[in-house]
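Two complexes follow with chain A in common, the first pairing it with chain B and the second with chain C.
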Partner chain A sequence: MSAFAPLIEAVTRHRGVTACLVVSEGDGIVVDGTAQVGMNTSPFAALTASLYRKAGKASAAAGFGTVSYFELEAEEGRVLAAGRNGLLIVAVAESRVNVGLLRVELLRAAERL
Partner chain B sequence: MAGDDIHAMSETLAADPGSLVFLPLAEALLARGDLVRASRIAQRGAARHPGQIEAHDLVARLALAQGDEERAEAAWGAVLGLDPSFGNAHRGLGLVRYRQGRLDEAREHLAYAAHLDPQDQTVRSALDAVQGVIAQRDGVTVERASGVGAGSAALHATDQTDALEAHESAHETAHESADVAGASAARLFDPILGEAKQVALLLDDDGLVSAGEYITSDGRDLGSEIGAHLTGVGDEADRAIRHFKLGKWTRLAIETEAATIAMAPLGSRAVLVAASRDVPLGFVRRTLERCLVVATSWLGEGT
Partner chain C sequence: MIRHSVMVGWADAPVKRYVDDARLQLSVLMHPSGQVLAQHGFQRKLDVQTACALSAAINATAVQLGLLIDGAPFTDLHYAGTLRQLYLAQIPIATGTLVLLSVFDEESSLGIVQLYLDELRSTLATTAPAEQPDSPPALAEDFERELNTNLAALFGRG
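Let's look at the complex of A and B:
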């Protein structure tokens, strides 16, 4: 069992979460995670990390400091991410997910990255 | 640290409660993520060894990890009572004060911590951010006097007096400009941003600001910088979520140390709202929805 397994398990336990990945922020490589069979997580992880980096650059340019949480809402679900120490914990969830709870879970998990 | 080591240290501490082994034991438990047990052991150790600086520092770090800023502040206060030059306490207190919006105190602590450890990038970034925010806060009066960007200036007016003044100023500005809001791109969102500490921008598909503004007191156009960095976010977002068949992106929220940013697509453009961190995320989203309505109408009329 990897060091991230408990974090991933805590996130995927939430109803509506379909995938959870630990991703390297710098290059978008998947470090650990779980997703539905058949999902190609590598390009998704790379693009999500890229979005997170863009958010970080915009934030730094505005003097807002580092990004701690990122949430992308879509027509049929959400992508949520929290980062620390060059790693991101990313969750993919259905629209019905309790966003408040999942946000807290991700921030808590990020503290342990 | 192996579980055996933790077990051995626990036994040593049980046999000799006055032992300093509580320090590595609590650190090991912290590293393992057992915050509750680590905190209990560190607090007992600090109470037994009130002159042990590292014990108070550990109590503070654990308290912060558990979200108890009050206890962390008290513990770091105890550290500085023993050694006013203890860098970690200045670092911790600086970051806590920063989060609380007590900027002047944050700057003092962070500057001292940065002086002690110039390589600490976290402290460096926080200090830069605090200094930037203080510069903006102190520029509120200048901006208000010139009648430019009162709502924008209010974003970082975290001091209560400044916030109140900026709030009143923003209302005045909104009322004064209500008649021309539709015609003035820069002030398009002013009537919505009557509340202090928020700015709103309409970005085109090249990341250029079409409406709204975010100009700092020293004349820096932060709107353009934010827009430039967020160019193409919509395309990337759609490409990312396509892999999970989630449809098109509809909203983006970014939480940072000092601000919350919410963004939504509007055709090939995007509307962005940035607010001070103490503005609730739900309120920021509500502001974004209202800005979207105004921007949609303005684009229909104005372009």
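Let's look at the complex of A and C:
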């Protein structure tokens, strides 16, 4: 069991969460995680890490400092990510997920990255 | 940033799309012998020549080293520098294997490069010519002349 397993387990326990990955922010490579069968995690991780980095640059350009949390809302689901120390914890969830609770869980998990 | 791009033949469009999608700084598609097929980002003929020669040498070394210690050739190689990273990948096509050198900075990432490289591999597997009747096998005595011919064609001189 990896050091990230408890964090991933805490996130995936939430109803509506379909995947949780720990991803290297710089490389966009999956470090650890769990996902439903059929999900292509490598491209997803690479693109999400890229989005997170770009969001960080936009935030810095706007003078808002570093990004610690990122949320993307789509038609049929959400992608939530929190980062620290060059790592991201990313959750993929259905639209019906309790976003507030999941956000708190992700930020808590990010503190332990 | 001004990006210089020179492409020829069937590899043009796929490699250009790969370079744009993956946000690369430099890219060269070559034969394992070092003969250049397409390049993007290099401004001087000599730079392409050097990059191809070094990449071909690294690839040959990785193949032999892989066979020696793992029983199978090492296919891809990633090196992360302070500001730039390189990814040297093998691309199988109908007539053999090509080598692709990709150089990127913080605008891209290893994951992004691998993602679009998979797309490029699929595309080149279908677009690369199945046979090359006009191109005889590369011989050591012809290598330098052929390399110079390719470079001249790529850079519009000669």
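Everything that follows uses one rule, which is that the second predicted complex is superposed on the first by the 113 of 113 C-alpha atoms of A that agree within 3 Å, B and C clash if a C-alpha of one lies under 4 Å from a C-alpha of the other, contacts with A are read in each partner's own complex, and residues count from 1 in each chain.
Criterion: contacts are C-beta pairs under 8 Å (C-beta built on N, C-alpha and C of every residue); 3 or more make two chains touch, one makes a residue touch a chain.
Because the structure is a prediction, the values reported are computed rather than measured.
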| item | value |
| --- | --- |
| Side-by-side fit of chain B and chain C on chain A, or clash | fit |
| First, second, both or neither for A:27, with chain B first and chain C second | second |
| Touched partner set for A:50, first chain B, second chain C, both or neither | both |
| Chain C, chain A and chain B - angle at the middle CA centre, rounded to the nearest 10 degrees | 110 |
| Chain A residues touched - chain C or chain B, whichever exceeds | B |
| Touched partner set for A:4, first chain B, second chain C, both or neither | neither |
| Which superposed partner A:64 touches (first chain B, second chain C, both, neither) | first |
| Distance of closest approach, chain C and chain B, by C-alpha atoms in Å | 10 |
| Residues of chain A contacting chain B in one complex and chain C in the other | 43, 47, 50 |
| Residues of chain A touching chain C in the complex | 24, 26-29, 42-43, 45-47, 49-50, 53 |
| Chain B contact footprint on chain A (complex, rising order) | 6, 18-19, 39-41, 43-44, 47-48, 50-51, 54-55, 57-79, 92, 111-112 |
| Residue ranges of chain B touching chain A (in the complex, touch as defined) | 33, 65, 125-126, 128-129, 132-133, 136, 214, 222, 225-226, 228-230, 232-233, 236-237, 239-241, 243-259, 261, 274 |
| For the chain C and chain A complex, residues of the former touching the latter | 106, 108-112, 114-115 |
